[in-house]
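Two complexes are shown next, each including chain A; its partner changes from chain B in the first to chain C in the second.
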Partner chain A sequence: MENFQQISDKLIEATVEIFTAMVMMEISVNGEPLDNIGTLKNSISGLVGLAGAYKGFVAVHLPENVAFAITSSFLGLDVDEINEDVQDAVGEIANMLGGNVKTELSDAGRDIALSLPSTIYGESYDFRPSDEAERIIIPFKVPGGEFFVELELEIE
Partner chain B sequence: MLDDSITKATLEVFESMIFMEVQPGKTTAEAYQGTDLQVSGTIGFVGDFNGVLSIHCPSLVAMDITGNMLMSPVETVNSDVTDAIGEIANMVAGGLKATLKAEGINVVLATPTIFTGISLQTNIQKGVEHFLIPFQVPSGMFGIELTYQ
Partner chain C sequence: MGKNVLLVDDSMTMRKIVGRSLRQAGIEFDTIFEAADGLEALEILEKESVDIVLSDINMPNMDGISFLREKANREAIKDIPVLMISTETGDDIIGEAKSLGAVGNIKKPFTPDKVNEILGPLL
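Take a look at the complex of A and B:
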């Protein structure tokens, strides 16, 4: 595999680019990568699976208020509840991040495809991958608060 | 066709791996109604056909299923439970993959991921097809959901 660290670095670049160019929001990395994020409270997660030569997923985990701020900025809509617009915005961000990881991996000549994005939300939940694989969670900061981008990859 | 092959795959998994009686209900377009504490396993598949398959279990049902699978009772939602639910999502998706392949439709699976939480809701996105199959087991109901394009 192209170095996992390199792919993680690209994911940071991609996140910053997506937020700067598409979401129109200031963003910065908020500290060191994490192994675990514990229980998510009043949050929404967007997820896109990677399948093919590499298996895994890219996820974005957003506290509700951050998700609202992002949706407002991204879609130009005022939102104060998790509705279809918020789900679409979060799914689309996961999709764009997944697309970027796919491009990075395909550069190495690998065949890889993205699944449909899905979102899940709730008052309190834990998220975990089922397999032992390379996993990284990157904390980011935007004006509305903190959120996380997660990547997991295994080689088939 | 899709709901039939998912039902078939689910029954096979429960018969051969979990040794638990399971009764499929009527396929619905409704979203799964989250329960107090639930365990959801989700897996994406990609290829000639793109979608996401999810299994949603109330915690009691998830613990019962895991207990049967491991042949030893489980009393908390621990990593055995999340592993079991992820594995069921994987196996049911594998069954669907095999059915599709027999029809000349090729897909590959992503990795399963598991959410444990209170009143979780999954989305039904615009422009995406969706259905939910409820299943009855002795300790309650669980649902298997498919969203696809």
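Take a look at the complex of A and C:
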């Protein structure tokens, strides 16, 4: 996919914009992109699916403590467990990331559909990429720790 | 008498962020009503006095486009202005929203300055 790098750059730009403008947290890219992050431990992931001209998903994977810090900053309230507020905040970050990816990929908006955001969380879980998909995982650093933004798109 | 606004978004987080951005932008409303989808928004518009609606597009039950279409058919509420706040930027979808009466679009993510720039002249 010729424009995958371009989309990845846009994803970095969008993540920084979301955290700077709306979450109100300092953020920086934390090293080179990865092609795997292995098993996620005590984490929460927000996902938005893309269907239509492009198929795949955008996800944000956050260790619990980072998710708590982000939710506190986003909503101005203290949280210490994964509750509806944390799931909603993480889902909304995934939703905005998905929207930015769609804007980059779509001609005029109707050729790609975005799913509503969903979240999963637990003590230990894996994301298994499709064999026919291109995948990139970008590490970021915020004051609460490190987290990852993932883009997976099926190869045409 | 001050003005009232209705925020329509399935994300409670986003409704809070929009409310916070309004305050940070120095835009004050007497009452901020909230709805989680288009159906709830229509119910509130039929019952309450609302001066402007800020609405998401992608929502469960009734999305922002269907909300605009239904609202346009209801005489009592059809002239209340609706400003979209959405991740959608495509000409097809934003164009359809505007053809159904939306007065503009604020792209997520947004800053209080951007809210002020677009919403300010509409008040």
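Please note the rule applied: the second predicted complex is superposed on the first by the 146 of 156 C-alpha atoms of A that agree within 3 Å, B and C clash if a C-alpha of one lies under 4 Å from a C-alpha of the other, contacts with A are read in each partner's own complex, and residues count from 1 in each chain.
FYI, a residue touches a chain if its C-beta (ideal position, glycine included) is under 8 Å from a C-beta of that chain, and two chains touch if they have at least 3 such contacts.
In this text the structure is predicted, and so the values were computed from the model without any measurement.
Comparing chain B with chain C, the partner in contact with more residues of chain A is B. Contacts of A:52 after superposition: chain B is touched, whereas chain C is not reached. Of the two partner chains, chain B is the only one that A:119 touches; chain C does not reach it.
Once the two complexes are overlaid on the shared chain, A:99 sits against chain C while remaining clear of chain B. Using the contact criterion defined above for the overlaid structures, shared-chain residue A:31 touches neither chain B nor chain C, since it reaches no partner.
By the touch criterion stated above, A:143 is placed in contact with neither chain B nor chain C.
Applying the stated contact rule after C-alpha superposition, one finds that A:154 touches chain B and leaves chain C untouched.
In the superposition on chain A, chain A positions 84, 88, 91, 114, 116-117 are in contact with chain B in one complex as well as with chain C in the other.
Residue ranges on chain A touching chain B, taken from their complex, read 39-40, 45, 47-52, 55-57, 59, 82, 84, 87-88, 91, 113-131, 133, 152, 154. Contact residues of chain B toward chain A in the complex are 34, 40-47, 50-52, 54, 82-83, 86-87, 90, 108-123, 125-126, 128, 147-149. Every residue of chain A that touches chain C in the complex is listed here, in rising order: 14, 17-18, 21-22, 74-76, 84-85, 88-89, 91-92, 95-96, 98-100, 102-103, 106-110, 114, 116-117.
Against chain A, the residues of chain C that register as touching in their complex are 10-14, 16-17, 20, 58-60, 86-94, 107-111.
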